[in-house]
Structures are given as structure tokens and as C-alpha cells.
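One chain, chain A, appears in both complexes that follow, with chain B as partner in the first and chain C in the second.
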Partner chain A sequence: MNLIANNLTYKPSEEYHLNEVSFNFKEGNLYTILGRTLSGKTTLLKTIAGLLTPDSGAIEFDGKDFLKVPVWQRNVAMVYQQFINYPHLNVFENIAFPLRQRKIDNEEIKNKVMESLKSVGLVGYENRKIQELSGGQQQRVSLARSLVKNAKILLLDEPLVNLDYKLREQLREEFKSLFSKGLADETILIYSTTDPRETMELNGEVIVLDEGKVLQVGPAKEIFENPSSLKVAEISNDPPMNIIEAEISNEQIRFEGIEIKAPNHLSKLTDSGLKIGLRSSDIELSENGHEFEVELAEISGSETLLHLKRGTIKIIISIEEVLNFKIHDKIKIDFKIDRAYAFGANGKLASSPFGENNG
Partner chain B sequence: MSKLYTFLKYFFIVFWAVFVVAPFLWALTTSFKDFQSVNGGVTYIPWVDFEPNLEGWKVLIKSPAKGGVDIVEPYFNSLFVTCTASLISIILGTLSAYALSRYTFKAGFVKNNDITFFFISQRIMPPIVLSIPFFLFLSSINLLDSLIGLIVVYIVLLMPIAVWIMVDFFNKVPREIDETALIDGCNPYQAFLKVVLPNSIPGLIVAGMFCIIFGWIDFFFAFILTFTEVQLLPVKIVALNSSVTPWWSLSASALVSVAPLIIVAFIVERYLSKGNLSGAIK
Partner chain C sequence: MNFKHKYFFLFPGLFVLIGILIFPIIFVVRLSLSGWNSYNPGLDFIGIENYIRLFTDDPRFWESFFRLSFLSVTTVILQYVIGFALAHMVWKDIKFKRFFRVLFLVPMMTTPVIMTVIWRTFFHESLGPVNDILSNFGLSPKWLTDPALAKFTVIIVEVWQWTPFMFLLLLAGLLSLPKEPFLAAAIDGASPVRKFIYVTFPLMAPISIGAIIIRLIEASKIMDTVYVLTSGGPGTSTETSSFYIFIKGLREFQMGYAASMSFTYLIIMIISLTIIAKVLTKLLLKE
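Up next is the complex of A and B:
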């Protein structure tokens, strides 16, 4: 049973929320929609759920015109980024709600709800009120409610974004094991996120969305190794990939008074207006490197993010340890240039360290 | 410092309580007085300052033939009109409020907010302005001086209150709850009845309370639109006044007319502190 979309377009005002989005989702697969805030992820999920009707385009599921089926008959499930539950019902009734709606007998409802509670680790909480649960538990309840339906399409709209760091890690692990278990055989799982790391960890098919437009489709690894354009490179890296305008000639890369020998995959590029892309993790501190000035230093978890400046160039580097820097400190860094990407003047990938597009 | 604060706090609370309760106590004692104990100087405590009697209360249930003013029928008229009009207003008002909160209406330059304002604009006009069209309207459909006519007018007056309160309330119920209900297999009516409404009980109670209060205390329209067949309580109480003001029976009737509102307030207060939407969205 495939879910096929053709040129979905939704433009409620001046800006496109969806701009000719097409895809072909197959059952048993996990699809990750990666995009920044306001890129149209939620709109796309709501359109699949039937909560929004696109201005034009078609959705087909199981060979039927999905747009003609009202939401309540589509048999989809959705988990929102806010923890949406029914506040007037307790945990058990919240999860039983979609089953009661189908008029299934009580015994079966009980079994299914308990099974679902077990899979999200909330056994013993059946009689609690929703308001008494923590955010993570509330999100588990809404996940349980969407699992209990055995929906053919399961939509998860940034389900982890409102949780704190630890819970996020923990739930993400649970998601992975849930997705790999039985669920995946007949369900189309669609997971939207802004977080590139989450995308890589879930390791499904990735759709990169920006301003309502699909920029690239492919397995997570492929998106990470060969981002098709500057935009994708920015979206699929956190912190975003550093983009530096550079010039390549005589096998040398030049920018802002720095000259580096070009690696093989870049040395033969001759286009003008080239931009070099380097991940923040591919730049390191080095005694005999190039001098940059610290503009901002932030510590996140066990990492230090440095915002650096040299002339007109601004870059971000991440260091895998906690270090203290003062603003305006001068530090020296070195580029792992063999990991650099090159993008043409049109923003398209010109060369990647992972082959494929090697000029 | 904190002792002073505690003292001031309690002082203020006691002061306020006396301020609020005193008139009621005064009315209560007055209702048991007679002509002498009202007009012969100030009297406070029954059995000490004056001899209490039930005359003031008895007058209220005696028929006019026996020199009384029967308020029993007006009382039930008032109850019936207020409750029926409030109930219908709440039902219609809640439905319109939900529609105004969830769907977008547009007719030329008229949009949702304008429609909501249109409802409340009924209450902005001075009652005297509304009374003439109401009078003409009711007389043209032969409903002047009838309970049904009053109910119709009260619905016009009360529904805006219900709409106004409920629109605001529904706007605070996250749309995602309705959407989740739709996804979980409810059609829009079921989503409203099974999910949105049960989560709007505090709003319904507040709206209901306002409808009942405004319906119950209305004197003006009851006075203009009824003559002899039908009388409502406020009109009847005013009619108690004759050449000699019967303070005792006026006090007694004031107390019985306030009683339903006090009961409503006690019930509502219990529900208001309960149930909120904090668990819907975090």
C-alpha cells in the first residue's frame, strides 16, 4: 500500500507552505522529513492526515483518492510536538478513545490499551489524570494512543522537540526500537524533525524540505555525504555547515589571505564563484594554523561551539571538549580540507569528499 | 512586619465580610419587624429590641383578596422564564461560539470578529432603545404579556453573553485537541460533543451563571412587555410599594428573590475551582 503524492501545493497567503511536493512512500518504511521551522513539515503532515486540503495536487493511498476521504475515515495516527491529549479523560481512556470510536468490545479494548501502555512503558499509570503526568509521560500517552489504532500511516510531528535533553535521548532510543519492531511491516512512518542528528540516528529515507519545496530525497547517509545544494548542506548539519567563498587555482584554495593546498577532489575545479563547505567538526584547533578571532563561545553539553571571524569570513567550529574562551581572543585553527565540499555559483554541489559528484 | 501584615489582612477580610453581609442581615431582621419596630427608632436584635413576627412573610403568599401580595406565581414565572431562556441561550450560544472560534466566515468586509461584535452590540444599546422594537415585534406576533414572548426577548438579550464568553473560552481550547479527535475517528460533531464540550465545562458554567443572573434581575423588559396576565418577580416586588412602604415584606421578598442567585453562586464556585485545561497542552 503506497502513499503517493503528486504536486501538492498549498499557498494560504503570500508564501508557499507546500510547493509542488511529490513523493512515493512505501509501506514498512520510515520517512524523515527534515527542514527548519516553517519549512512546511507540519503542513505536509496535516495534509496527509486530511486536516488541510491542498490548493492543488493529489494524494493517493492504496490506489484510492485520499483527498476524497474525510480525516476521521483515513485511519492515520498523529503525534504532535505539543503533547496533545484529552484532559478530561484519564490515561486509560485517552488511549482507548480511538478504539471506543470504532465500537470495539470492552475486553478487546482493555487488552489493546494495556499492550500499548506496555510498549511505551506506562503500565500502572492507567488511572492517572493527564495533568498529573510529566511532559515526557504525556508524550508517551499520545504516542500510545496513536500506536493502539494500528493505523496504516503514522505521522510524528517533531515529537521530541518540547522535551528536555535527557528525555529526548531516551525517547529517541525507544522510538527506534519501536519502529524496528513489528510496527514497521505494514505501516508507513513519517517523522518530521528539525534536528539533523535525529535524522541520521533514525536512518530512514530523508526528504529535505525548505519553504515548502522538496530539495533532496534519499537515504540519511546519502543526504549527509552528498548534500545536493548549499541549502541542504545548511539544513542537514547542526551547527549549519560553514560556507566560505573561495578561489581555486593552481591546486590552491585561497580565501581571506589563507592559502591551502587543494585535495584531489577539489583541485580540478575551475568555476568562478565557488563556495567551500566545511562542517564545524572538520575544523580543529592547531598551534600552527590560521589566526581567527573569537566572536562568541558557547558550551553545549560536552561540546564547545566557537563563532570565529577573520576579515569578512565568519565560521563556527565545534570542539569535543569544554574549553573557555574570551571574546576577542585570537586562536589558531586548521581546516581538514580533504573533508571539504565545493558548491558552484548556482548553489549546487560541485564536488564532495565522498565521491559521487567528483568532477 | 509579618504580624502587622497578618493583622491587616484579617482586618480587611472581616471588614469586607461585614460590609457584604450586613445589608442581608439587616434585611433579614427587618423582615420580621412590624410597623412600630421599623418606625419607632432603630432596633437591632430580635426579642431584645423588638418582638419578631411573621407578618412580612405571610403577606407574600396571601392572595390579594385577603390583603396580601401573592408573589408565588411571579416567582415561578421568573424561574421558568430565566431558566428556559438561559438554557436555550447557552445551547445556541455555545454552538455559534464554537463555529466562530473554529471556522472562518467572510461576507464582504464582515469577518468572524465582526459577527462576534454584532452579537454583543445588542447589549451596548440602552434598553429603552431596544424596548420599542421589542414591543412592536411582540405585539405583531401576539406574544405581548406572555411567558413565551418574554423568553424570546430574554434569549435575544442573554445569547450574546453566552457567545461572548464561549468564543473566548473555545479560543483557549487548543485546536489540536479537535484535530486529534478527528484523527481518532470522530466526525466534527462528535469531536465537539465528546472532546471540546467536556473540556469547556468551566466556561459553560460561567456563561450559564451570567445568563441566569442577567435574566433573573431584569426589571425593565419584564415591566414594559407584560401587563396583567403574566408578571415576573422584580415587577411584583416593586408593586409591593403602596402609600405606606411595607419594609418588612419588601425585605422578605428581597431575600427570596436573591436566594436562587446565592444557590447558583455556591454551585458555580465549586465547579470554577475544578477542571482546567492545563493537561491539554504543555
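Up next is the complex of A and C:
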């Protein structure tokens, strides 16, 4: 049973929320929608769920026109970024709610709910009130509720975004093991997120969305290795990929007084207006490197992020160490140039270190 | 720390409370133990004679009380159902939402006594427009002079007058509900009807209980409608407790006896409303 969308467009005001979005989702797969805030992820999920009707376009599921099916008959489940539950019901009844909407006998409901509680690690909480739970537990309840009904389509709209760091890591692990256990062979799982790392870890088919438009579709590895455009490279990296305007001639890359020998995959490029893309992790501190000035140093976890400047170039590098730098310090860095990407003047990928030349 | 003077600051409130609540209640109790009437005004002491008379020799009071119970329960249920339906209607996105919200409140802004006079004219057997229309179909119901129909007329007028209040409370309640559970319910497979039964209604339970209790208290004081519309008639068929107490106390001037009725009425109301509130809480909140 495939979920097929054709040219979904939704434009409630000046801006597109969805702009001719098409896809073909196959059962038993995990799809990750990656995009920044306001890129249309939630709109897309709501459209699939039936909470929104697109201005034009079509959705087909199981060979039927899905837009003609009312929400409550679509058999989809959804977990939201806010923890949405029923405040007037206890944990057990919250999870049982979708089952109570069908004609299922109490014994079976009980079994299914307990099983679902077990899978999210909330056994023993069934008689608690929702308000007595922590944010993470509330989100687990809504996850359990979405799992219990065995929906054909499971939508997760940035389910981890409102949790604190620790819980996010923990739940993400749980998600992975839940998903890998193969929820159900015929479930289509759609997961939206802003976090490139989450996308890579979930390792499903990725749809990169920006301003309501699909920029690239492909396996997570493919998106990581061969981002089709500058925009995708920006969205699928955190911190965003460094983009440097450069010139390539005589097998040399030149920018801001720096000259580096071009690696094989870049040396043949001759286009003007080239942009070189380098991940923040592909730049390292080096004694005999090029001098840059520190604009800002932030320590996040066990990492140090340095915002550097040289002339008109601004870049961010990440170092897997906690280091202290002062603003305006001069430091020397080296580029792992063989990992560099090149994008043409039109923003499209010209060459990637991972062989495939999309240019 | 010991602030003796804090009692000084309690005094104004306490003074008002004693003046307008505690003293009148104590005075009514004392009055009910007296034989104060027009021949014999004054606070003499006759023991519980008034209460004995009330409990053994005055079926009219108890009839009026049960009639009152019937009228107030019926009107409040109707007000709740109609009020909820109207509130639910303008809660959704419909056309002219604002217009309807104001329209439904209009009856509440009118003066009850004057509206009742208009209703009386409306239902007048030979001059009223209602029977003028019905006569075309060969009907001329006695809206105000048939014992059963007169009760029905009182109910119509009460419901018309007070549904807006219920509507207002319930609409405020609906507007304060979180939106999220409704989204979740739709996705969880609840049809609009089931969504109402399993989400809207239970979420509204606390507000519903409050609104029903407030209206029950108000409705049990029903007096002006009956006074203007039927004067308790025909016979005593629309006479309510407060109206009967009013007749005894302020028309026949049997102050002592009226006081004993008032006090009995007060005790019964407190007990029954407490029970009703408990039962409603149990039914609607399942606690």
C-alpha cells in the first residue's frame, strides 16, 4: 500500500506552505522530512493526516483518493511536537482512546494498552493523571497512543524538539529500537525533524523540504554525501556547511589570499562563481595553517565551535575538544580540502568528494 | 510575631457580614418561633408551633415546593441542553458568528418582569397573537388558565429568559478548552459525534456542574415570572414556594409562620443542592 502525493500545494497567504510537493512512500519504510522551522513539515504531515486540505494536488493511499476520506477514517496516527494528550483521562484511558473508537472488546483493549505501555517503558503509570507526568513521559504516552492503534501511517512531527537534551537522546535511542523492531511491515513511518544528526541516525529515506518545496529525496547517506544544492548542504548540516567563494585555476583553489592545491575531484572545474563547501568538522587547527581571527567561541557539550573570520570570509569550525579562546585571538587552521564540495554559480552541486559528480 | 491589631482590619468585613447575613438569619429563626401576625405583631415566643403547623397541617406549602422542584429542574435541564447546543454552534467557525453570539444574549439583557408582561400578552387566550395564529388551525389552547398548560407556559418563559445565561457560561467554557485534544481525537478515529461525547463533553464537565448549580439556585427563586404571568394560578397550579411564602408573609402578614417556612426552605435547599452537586460531580467527573 503506497502513499502517493501529487503536486500538493497549500498557500493560505502570501507564502507557500507546500509548493508542488510530490512523493511516493512505500509501506514498511521510514521517511524523514528534514527542513528548517517554517519549511512546511508540519503542514505536510497535517495534510497527510487530513487536518488540512491542500489548495490543489492529490493524495492517494491504497489506490483510493485520500483527500476524500475524513480524518477519523484515515487510520493514521500522529505524535506532535507539543505533547498532546487528553487531560481528562488517565494514562490508560489516553492510550485506549483510539481503540475505544472501534468496536474492540475490553479484554483486548487492556492487552494492547499494556503491551504499548511496556514498549514505551511506562508500565505502572496506567492510573496516573496526565498532568502528573513529566514532559518526556507525556510524550511517551502520546507515542504509545499512536502505536497502539496499529495505524497504516504513523506521523511523528518533531517529537523530540520540546524535550531536554538528556531525554531527547534517550527517546531517540528508543525510537530507533522501536522502528528497527519493524513496527509493522505495512506501516509507513514519516518523521519530521530540523536536526540533521537525528536524520542521519534514523537512517531512512530523506525528503529535504524548504519553503514548501522538495529540494532533494534520497537515502540519508546520499543526502549527506551528495547534497544536490547549496540549500540542501546548509539544511542537512549542523552547524551549516561553510560556503566559500573561490576560484579554481591551474589546479589551485584560491580565496582571500589563500592558495591550496585542488584535489582531483575539484581540479577539473573551471566554472566561474564557484563556491567551495566544507563541513565545520573538516577544518582543523594546525600549526602551519592559514591565519584566521576568532569572532566567537562557543562550547557545546564536549565540542568547541569557533566562528572565524579572514577578510570577507566567515567560517565555523568544530573541534572535538573543550578549548578556551578569546575574541580576536589569531589562530591557524588547515582545510581537509579533499573533503570539499564544489557548487556552481546556480547553487547546484558541481562536484563531491564522494565520487558521484552531479554537475 | 503577634499582630493584635490584625483583628481591627477584619472588623469592616465582619461587620458587613453580620449586618447582611448572620443577623437576618438569626432574626428569621427567632421570628419563626414567634406568632407575629397582623393581630398580634411582636416577637412573642410560641415554641415550634409554626413548624408543627408547617409539617402537619399545610399541604399547600409542600405542593408548592414539589412544583418548584419540578419547574426548576425542568427549566434548568432545558436551558442546559439548548444553551449547550447554541454555544457549541457559535463555538465552531460559522458565518456571522459574532452576530449570533450577541443575538443569543439579547433575552438576558431585557428586564424579566417587563418581558413576562409581554409574554402574558403574547399568550392571552383571546387577544394574544399566538392563539390568533393557532385559531387558523382550529386550536385555541388555554395557555394561562389550564393548570397543566400554565406550567408549560411558565417553563417556556423561564427557558427563554435564562438560556442566554447558560449559553454565556458554556460558551466561555468552550472557548477556554485546549484545542489539542480535539486534533488528537480526530486523528485517533473519533467521528464528530464521538468527539463530542468523549472529548468535548467530559472536558466541559466541571464548567457544566458550575453552570447547572448556579442556574438551579437562581431557578429555585422563581417568583417574578409566576407573579406576573399567572399569579400562581389557575388555583395554585403554578404557585411556587417563594410565591407562597410571599403570600403568607407579605399579603396575609403571618410573619412568624412565613419565617418558619423560609427557614425550612433554606435548610432543604442547602441539603438538596449539596446532594445534587455531589451527584453531578460523581456522574460527570467520575470521581
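We adopt the following convention: the second predicted complex is superposed on the first by the 355 of 359 C-alpha atoms of A that agree within 3 Å, B and C clash if a C-alpha of one lies under 4 Å from a C-alpha of the other, contacts with A are read in each partner's own complex, and residues count from 1 in each chain.
Definition applied: contacts are C-beta pairs under 8 Å (C-beta built on N, C-alpha and C of every residue); 3 or more make two chains touch, one makes a residue touch a chain.
As the structure is a prediction and not an experimental result, all values here were calculated from the model.
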Item to complete: Return fit or clash for chain B versus chain C, each positioned on chain A through the superposition.
Response: clash
Worksheet item: Which partner does A:P87 reach: the first (chain B), the second (chain C), both, or neither?
Response: both
Worksheet item: So, A:G35: does it touch chain B (first), chain C (second), both, or neither?
Response: neither
Item to complete: Tell me which partner A:G277 touches in the superposition: chain B (first), chain C (second), both or neither.
Response: neither
Worksheet item: Touching A:G204 in the superposition: chain B (first), chain C (second), both, neither?
Response: neither
Discussion item. So in the superposed three-chain picture, is A:P227 touching just chain B, just chain C, both, or none of them (first/second/both/neither)?
Written reply: neither
Practice prompt. Return first, second, both or neither, reflecting whether A:Q131 touches chain B, chain C, both chains, or no partner chain.
Written response: first
Worksheet item: Which partner reaches more residues of chain A, chain B or chain C?
Response: B
Worksheet entry | Touching partner for A:P196 - first (chain B), second (chain C), both, neither | neither
Worksheet item: Thinking only about the overlay and not a real complex, which stretch of chain B clashes with chain C: 25-33, 43-51 or 241-249?
Response: 25-33
Worksheet entry | Contact residues common to both interfaces of chain A (with chain B and with chain C) | 49-51, 70-74, 76-78, 80, 82, 84-88, 97-98, 101-102, 142, 145, 149
Fill in: Contacting residues of chain C [partner chain A, same complex]
178, 180-181, 183-192, 194-195, 198-199, 202-203, 205
Worksheet item: Which of the residues in chain B end up touching chain A in this complex?
Response: 174, 176-177, 179-187, 190, 195, 198-199, 275-282
Discussion item. Per the contact definition, I'd like the list of chain A residues that touch chain C in the complex.
Written reply: 49-51, 70-78, 80, 82, 84-89, 97-98, 100-102, 142, 145, 149
Worksheet item: Tell me, which parts of chain A touch chain B in their complex?
Response: 46, 49-51, 70-74, 76-78, 80, 82-88, 97-98, 101-102, 129-133, 135, 138, 142, 145, 149, 162
